[in-house]
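The structure appears below as structure tokens.
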Amino acid sequence: MTNSILIDTTKCTGCERCVAACIDANKLDPHKADIDRAQTEDGLSSNRWANIQKVADDRFARKSCMHCLEPSCVSACLVGGITKTPEGPVVYDPTKCIGCRYCMLACPFHIPRYEWENAVPYMRKCDMCFERVQQGGKPACVDACPNGALVFGSRKELLQKAQEIVAANGSTYIPHVWGETEFGGTSVLYISDEDLSALGWPEPQTAAIPGLTEPLISKTPFIGLGVATCLLSVNWIVRRRMKLAGEIDNHEVERND
Amino acid sequence: MTDRTRPIKDIFWILALCGLVAGIFRMWFGLGATTNLTDAMPWGLWKVLNMVAGVALSTSGFTVGFLVYVLRLERFRPLMKPAILIAFLGYGCSMTALLFDIGLPHRFWHPILMWNEHSFLFEVFWCVLLYFTITFIEMLPNIFERLRAERLVRLLHAGTFGVVIVGISLSSLHHSSLGSLFLVTPLRLHALWYSSWLPWFFVLSAMGGGIMMIVLVRILYARWYDPEPVFGTQLEPGVPGPADLLSLPGVSRGYTSRDMPMLAGLASIGAGIMSCYAVLKVVDLVRLGSWNALLAGTWESWLYSAELILTAILPIILVAIPRTRRSPVGLGAAALSGAFGLALNRLDVGIFGYFRDAHTVYFPSLAEWALGIGVIAAAGLVFFFIVENTAVFDNNWRQRYLSRGVFHATFDRWSHVWFAVLMSGVHRVTLLAVFVLPLAWVFLYPAYHNEKPITVVQASVGMDNMRANLRIDGDRQGVLAEFAHAEHQQRLGGDSSCAACHHVSLPGDRSTPCSRCHSDMIFATKIFDHSFHTVAVAEKEHLAGLYPANHSCALCHGDGLPKTASTVKTCYECHRDDMWLVGRPDSAVSLMNAPSFRDAMHGTCITCHTREKERVGRPQLDECATCHRSLTARRLATASHAQDDNALGAVAFGERPVGASDSGSSH
Amino acid sequence: MSIEQWIDFAKGPLFALTSMIMVLGLLRHIVIQVYELVAGKGRRLSAAPWRKILNEGLGWAIPIKQIMKGTPFFSSVSYLFHIGVIVVPVFLADHIVLWEKTLGFSLPSLPSGWADFLTIFTVACVLVLLGFRLFGDRQRAMSRLTDYVLLLLILLPFVTGFLASHSGMNPFPWETMMLVHLLSAELLFLVIPFTKLAHIVLFVFDRLSAVHWQLRPGAGDKVADALFGKEARV
């Protein structure tokens, strides 16, 4: 069952208790997290996996990993260190990582962050509190929200619920559930009365990024074999033509080979 | 004859030593301290210049191998060994740089065991690793020849054709994969460069670039070691030589040296490939409809045009004109332009194309330049070593080796030292190292460069005439604190209450702003002015006739103790009377560091609010939203919270209704 | 830049630069000396005359022969001067704080009274040696401009350091003295590997290798000329 978080920005007051809970639950350094909030563009860093962002005047939204259904980072990681779990979270295995930072380049939401200040650095990002979810709990941020702006549950139900809310309050909400189709769908869904492109949302119909590379890479062995076959046949033709033209005598063949 | 390579080798040694120091610092202090990479620009110079561009420029083994072994164009055979040497060094170079670039270098072997066959980086890793092994195998005959192991040489020669075929297939695969690496960034990479044709562009341009590179290296080799076959003028003009692709039959070819017709032919092929590449790129722009980005006049469009001119237009012009085609310098310029344009293209796709999306500009740090260029310089030194000691270009190495000039000892009149130490290369290089290593150390040492980024504190963004209400947003991050100054003053006891919040002012100054000392938003800042104290204390003591002048150090540091911050006595011991401190800074040493603006403000307000909330019976008094009105705005709109909010408002603004506040952001 | 920033600069990057040049330059001398000694002998390290090197080093460390037989006064002054010149800079309490901060190791420090005494004593020794060079016939004949300059250069950090640490007798501002002290010491670091001061490490190799700093060509003839008024008889 794929789990999901539904975020209703109209209920978010920007109190950042979810961020504090995240820092607490993941044992991050709150002081460093504070510094990074002021010094990075979207407030996310290796010390701060979630952040409240201002999306419009007096309108806030939590930003962190979207846990895509077809994650670009998972397909990009060359050692298979990032996986999409059946429970929903996209989790990172620090024991495999070699630090190539391709996941950071590949993520369309700019989510993976690097521990630049460490001599032995790892990638850090929200893992939807995978251990808590596995034990049947909720992510720390959902637990911490005092206003019910974050709801945790199965993606299917939440999507239905979100569509109902949007349909019922047509005058307030923009009739769209962010995360339903973008990049092939995400496990973090947003409903809002303001445009959320500040969070990095693209056009609703944008396709999943692995779809751009995986069809190509699955053909790799055939391309390689094809090139080799072409080379051999071209070489065969050339040799035959040379033989026919009598351009190479035995002496030369011996010398050159 | 003077040795033309000596100054170049010296420069390469200097660069390589700088790279060594940078490499040590990178391993010791980590990526963040030594590079300018950020979360917004995670890939930088080492990956893009050394890996993506470096591999692209080492395609010569692939292209020349194709010409010689597959198409059996025997006239290019003399370039086969140099081409493999270039490929070997180029791949070695990029793998070395990658070892420093990846965050956990001790795990470089992970992709061998841990597979993700969906990742193009995985494919690049394997192909590069295998191809490097293949170039190494192809290099072996040279080494065995030097060691006179004829049987092994023959054995290796027997397998050459197969190895070359495998090498070419691998090569074409990973060159396209290098392009495919950037397919995952459709929304990030600038429209001029992002295209689904990237893999084909990368293969095609790498083939042209590899040819340009081998032409360039062959001409440079002639310039350094053996000018006759390239720069010579002995042959009669129009000597029948190997066909020159651009010359019409029957036209006098006009070459005067042995190898120039071959090089001109090769450069023509390279320029031809590059032109096909350029045409395809333009076609692609039209296909994707992003050609208007080329005419937009942005700096990206200028880069793109420069790239096209350097890779294709300039080389094709230089090769098409007979005069420049027949001159080694002209041909060298064409090759250099092609190679440079190719490198520029890779930098565009890997770095420059991301600036607009990342909202930031990445410029590599000194250490990145030092290591990136140092690795290339080290490869250059290996090139010189191999060329001088094995028969890569020709069989003259033994004579060259024997006739190498020996430096003679000289007496330096100034220092009265015999510079006999300059007798051999070892002495020369160690002397370079003595100067270069410390200089590189000082210039690259991260601790001398990492200045703390300071968030500038600014005064309150707004206040009414009587300073009754202040709106404080010290770091301009948009989170305002509304502070009812007059109301607090009145409640805390009128004019005598200033001391409850405001503490020390500078001497003779009644209106020092808080940000004068609490000048950083996040970090504590050093505020103790040592030179001011030395002068002031000395003058005071002198006036009092207590000490001879300049004996003031001992007043604070204690006589006979080392004069450091750890042995100094506390500020409070002298400033007991004139330091009018309220509440907190009880340890006077902490006065050397003022807390950050945010900590100071929060500390002053929150301590008091926490203390008072029980007394006045308002449990929300110490919450963020009490002062940061912008955070409560949503609750105002929600009917269910209206009650709550009026209560909070009453605390912050006395009995005034919230709607009457002058804050524009509350609605 | 204010004078304090100059002092910080001289303590930080400049100190690192010059001391590294000195250490690497001296290391290079050792490497090249050993390399030259073993070059003709199959390049094995064991081929170097280690016993002779040890003898040479010990001979200089305990110069009984020179003091007993040769020039007792000159040799003793020179010996004591060398002790002062090594002990004071390394074991001074203020310097040990610097070692701790930059290099991370600590040493027992010299009592400040002893430090003062040794400093004055070393300065006195330098003056005596300078006197020898100026007024002794043989020494003057062998001396060159650099010999005098180097002696004075050694004197400078000692004098400025002493004045900087005794503000009562210092007629100049402390900052200026400190800056001159740092800069002169760093200049000394810089010239050590490239002048005759390289005998810090080369002294053990002096008699063994052909490659080291040497006298000017024909210097021996000049000495003989000064002594006997005619060509040297070797």
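So that you can tell them apart, the chains are marked A, B and C in the order they are listed, and the count of residues begins at 1 in each.
Rule of thumb we're sticking to: contacts are C-beta pairs under 8 Å (C-beta built on N, C-alpha and C of every residue); 3 or more make two chains touch, one makes a residue touch a chain.
Because the structure is predicted, anything quoted here is derived from the model rather than measured.
Farthest chain from chain A, going by mean C-alpha coordinates, please.
Using the mean of the C-alpha atoms as each chain's centre, the farthest one from chain A is C.
If I average the C-alpha coordinates per chain and also across every protein chain shown, which chain's average lies closest to the global one?
Taking the mean of all protein C-alpha atoms as reference, the closest chain is B.
From the mean C-alpha coordinate of chain A to that of chain B, what's the distance rounded to whole Å?
Centres of chain A and chain B (C-alpha means) sit 25 Å apart.
Averaged over CA atoms, how far is the centre of chain B from the centre of chain C? Could you give it in whole Å?
43
Using Cα averages as centroids, what's the distance between chain A and chain C in whole Å?
64
Which residues of chain C touch chain B in their complex?
Against chain B, the touching part of chain C is residues 2-4, 12-13, 16-18, 20-21, 24-25, 28, 31-32, 35, 93-94, 96-97, 112, 144, 146, 167-168, 170, 173-175, 193-196, 210-217.
Going by the contact rule set out above, which residues of chain B touch chain C in the complex?
411, 413, 415-418, 420-421, 423, 426-427, 430-431, 433-435, 437-439, 441-442, 445, 448, 530-531, 534, 548, 550-551, 553-554, 560, 562-564
Within the complex, which stretch of chain B touches chain A?
27-33, 37-40, 42-43, 66, 69-72, 74, 77, 101-105, 107-108, 110-111, 114-123, 125, 157, 160-161, 165-166, 168-170, 172-173, 176-177, 180-181, 183-188, 196, 199, 359-360, 453, 455, 475, 477-478, 521-523, 624-625, 630-635, 665
Going by the contact rule set out above, which residues of chain A touch chain B in the complex?
Interface residues on the chain A side: 10-16, 34-35, 38-41, 44-45, 54, 57-60, 72, 74-81, 96-102, 104-106, 108, 110, 113-122, 202, 206, 209-210, 212-214, 216-217, 220, 223-225, 227-228, 231-232, 234-235, 238-239, 242, 252, 256-257.
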